[in-house]
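These notes open a run of structures that come right after.
First subunit A sits with subunit B, and in the next complex the same chain sits with subunit C.
Moving on to the complex of A and B:
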């Protein structure tokens, strides 16, 4: 697992794990604008344990998952009294607060970042991406998953039907936190390094955009979003570099990254106008599954 | 005496936060929309003002401008950008399924605008700070050992004038009454004969104006502008707005000044690296203990996005 394609595949898989971590709260209607902060919790837990106590990979991974879950649980327990826009603000504030704290803690490397001795290979990350997808698939088949989907569609009716909305929301948020912890740990071990800049507010924005633009109605939405927004800019990287750099300040190296984010922003705006439900919807997925059947019925009709 | 100097600096820094927090509180109070384009528009206006003063308009339409004209140009650009945001976040959005995340569409759309504005400016003018030179920058007052620069006094006065005129607009004028009725209930307002589609752009014009003024205050006070100022300065106004209470004008002024004071005091007491954790930690505590803020109403921000 090396070279450009391998590295790209690993980044894609890290994005997929994180996309599911953000998807789980969003699937119950909670927008998480602090996804990268929960990833930072996992990354710094694993990094600190590995750098200070020389802990091997597997226990560090479990520890990251646990701290991610505990942080998410406490956070959602405290904040669950508030709703909607307050939750978005609280997750955003949490992200800013956490990066602000990490910069000031010398044991975590401060603003210099933390180098991590333990290492995982790229295939481990790919394995975990598959695992995250599989576990979410299984979770959504359970009664709990059904409750999550019901709350996503209408929380008031779900409450009337006897679903403990608050409990399910806290549960989904905690599971998302645990998954983010795992993603952070994988990040730290794969790159052997973690710094605050990788987990800042804009990373959280991108993650939420991946998930929302992929579509939150089905569990395949996050994968579609992550694949689309990781691979498409890579495919067009050469084209982007030839796009004109306007103005006076850009160095040649920044042109393609800037264009990349400008295009992501434009796609976001256009999607919200024309297709706010995301690339993949429940109806769209049904059409793909039963596409042949639909075509046959169409022929019979004529 | 050093403490008094910090208090003076904090109050004057707070004037910038007050102006941006007012923009946030207007969109959230009336439209229930957390508009993440406000910090980038604040940055956009200051950067375009700098570019207009430095290079003038593109294609040789207009040469380098004097600083006052350049600031006015920056404010106009901010208003136009804000109207563009209104077009694409509010006007054409369709509700199809009515599920829980669908009400966040304007918010997500505003994140898209944030990416476009920020990276556009980054590409056009780079990430390094640029000097914005004004003759006002060197003038200062000495009041019993405290050093206050003239632009700081002017900007505080300006912030106060804005708050009073905004308060007058909302309380006394016909437009203000229409705005308040939309905040109460947009459907009922429409039935009562308020032309909602024509009143909503007014909010965005006011938002752009406030962001532009805040950008000008920043450029004149600190003598420099940079593409990261939206993230570093503009976002802290969110904390001010929540502390004061979402949707409350007097809350925005108290919250903004409070954040300015907290920021300068934490720099003075603990050093510059702690500002971020102190300000956002304070916001988290406020959200847990008293989410409606100091002057907030219970009815605002309680619905879906």
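Moving on to the complex of A and C:
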């Protein structure tokens, strides 16, 4: 696994794992704008254990999962009474707080970052992206998953049905934290380095965008959002270089590809206006399955 | 008595929404709570279900004191509230909505009960895999009641079930309440449709500004002048 395509694929897969980490609380109606902070918890747990105690990959993964879960659990207890925009602000503030702490702790490398000796190959990250998708798919079929969706629809009525709304919300937030911890560990081991800039506010923004603009109604939304927001800037990078307005014909050093983020921002705003429910909706998914069914029947007919 | 509420007070900060209300529902009895907007009817039901805390008084259900019990445990004991305004899960399928009603149950036999509901309401059965938002208002109310039934309640509390329904569905709604009651279900009914509620219920309690001002057999309450004055505000 090497080169531009391989590296891009691994980043995409890290983004997919994180998208599901953010999706789980969002699926119960809790917008999490601190996703990257929980990833940082996992990354620094694994990085510190590897750098200091030379802990191998598998126990580090478990440790990162545990710290991610514990941080998320404690934080969700704290924010359980906050709602809507205040919840979003609380998660955002938590992210800022946590990166602020990390940058001031010398044992974690401070602003210099932390070198991480243990290493995982790209295929491991790809495997975990598939695993995150599969586990979320299974989880959402369970009683617990159904309760999550019901709470997303209407928490007051969910309570009347006898659902422990608080417990389900804390559970979903904690599971998301565990997944974010795993993603952080994979990040630290794949790049052999972690620094707080990789887990800053804009990363958290992107993670929430993956989920919201991918679509929260089905479990395929996060992966679609992650693919879209990871690959579109790269496509622009390659396409813009061939347009005269952006420096086609110039030597490679002069090609101005910073326009791609402006284009991405415009696309994002357009999507919020014209398709706030996300790229993939439950009805859209139904239509796709219907189409597949028709095609299959058509083939059998001939 | 299946449900016995004594001297119940509910406060929202300094506002006393329910003041010292006594109400009871016997086995297989229909009792209705009447009163104008803001009389505290919905708050009373929410306090009985445990959604809001009682500031004073006690709630006994099926022989147990449940005054401090949480909502899930009251649902498990057989107490269920169908809230006002057809509060269904709009993005869940009809079938998943029904499953949510059985959330507190872990016994077998659920599939057969859901089939029985689809037999009773063929419109729900035909749309079982569609989002519940495609249902009409009347169908949504039937779904909300069916969903509550799947928690295997002893007592069902209905908050304004006929609100906003077409005359045809209002009739079907009261027919359904009667049928469920004949099958053994006790019902505590909050209604704006006073005449139909009094015709359906054995006993009635009239609330005014959080206080029970009149209680007795439906016939007596229906004949009382206090009933009209409670709605019209005249003394």
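What we mean here is this: the second predicted complex is superposed on the first by the 272 of 302 C-alpha atoms of A that agree within 3 Å, B and C clash if a C-alpha of one lies under 4 Å from a C-alpha of the other, contacts with A are read in each partner's own complex, and residues count from 1 in each chain.
In the analysis below, contacts are C-beta pairs under 8 Å (C-beta built on N, C-alpha and C of every residue); 3 or more make two chains touch, one makes a residue touch a chain.
Because the structure is predicted, anything quoted here is derived from the model rather than measured.
Novice: Subunit A superposed: clash or fit between subunit B and subunit C?
Specialist: After superposition on subunit A, which the two structures share, subunit B sits beside subunit C with no clash.
Novice: On the A-aligned overlay, A:101 touches which partner chain: subunit B = first, subunit C = second, or both, or neither?
Specialist: The first partner, subunit B, only.
Novice: Just checking: does A:288 make contact with subunit B only, subunit C only, both, or neither of them? Give me first, second, both or neither.
Specialist: In the superposed model, A:288 contacts neither subunit B nor subunit C.
Novice: Which partner chains sit in contact with A:90 here, subunit B, subunit C, both or neither? Use first/second/both/neither.
Specialist: It touches subunit B, and subunit C stays clear.
Novice: Is A:78 touching anything from subunit B or subunit C once the two structures are fitted on A? First, second, both or neither.
Specialist: In the superposition, A:78 touches subunit B alone.
Novice: Touch check for A:150: first (subunit B), second (subunit C), both, or neither?
Specialist: second
Novice: Considering only touches as defined above, state whether A:239 meets subunit B (first), subunit C (second), both or neither.
Specialist: After superposition on chain A, A:239 lies in contact with neither partner.
Novice: After lining up the shared chain so the two structures overlap, which partner does A:8 touch, if you call subunit B first and subunit C second: first, second, both or neither?
Specialist: Touch partners of A:8: none, neither subunit B nor subunit C.
Novice: Looking at A:138, would you say it contacts subunit B, subunit C, both, or neither? Reply first, second, both or neither.
Specialist: Neither partner.
Novice: Is subunit A touched at more residues by subunit B or by subunit C?
Specialist: Of subunit B and subunit C, the partner in contact with more residues of subunit A is B.
Novice: After superposing the two complexes on chain A, what is the shortest C-alpha distance between subunit B and subunit C, in Å?
Specialist: 8
Novice: Can you pull the subunit A residues that subunit B and subunit C both touch?
Specialist: 152-154, 217
Novice: Quick one: which bits of subunit C touch subunit A in the complex? Just the residue numbers, please.
Specialist: By the definition above, subunit C touches subunit A via 49, 51, 70-72, 74-76, 80-81, 83, 87-92, 96, 99-101, 103-104, 131, 147, 151.
Novice: Quick check on the complex: what are the subunit A residues that touch subunit C?
Specialist: 143, 146-147, 149-150, 152-154, 156-164, 217, 282-283
Novice: Touching residues of subunit B toward subunit A in the complex: what are they?
Specialist: 28, 32, 34, 51, 55, 88-89, 92-94, 96-109, 111-116, 118-120, 122-128, 231, 235, 238-239, 242, 246, 273-281, 283-284, 287-288, 291, 301-305
Novice: Can you tell me which positions in subunit A touch subunit B when the two form their complex?
Specialist: Contacts found on subunit A: 26, 28-29, 31, 78-79, 81-86, 88-90, 92-94, 96-97, 99-101, 103-104, 111, 151-155, 201, 205, 208-209, 212, 216-217, 245-251, 254-255, 257-259, 261-262, 264-269, 272-273, 276-277.
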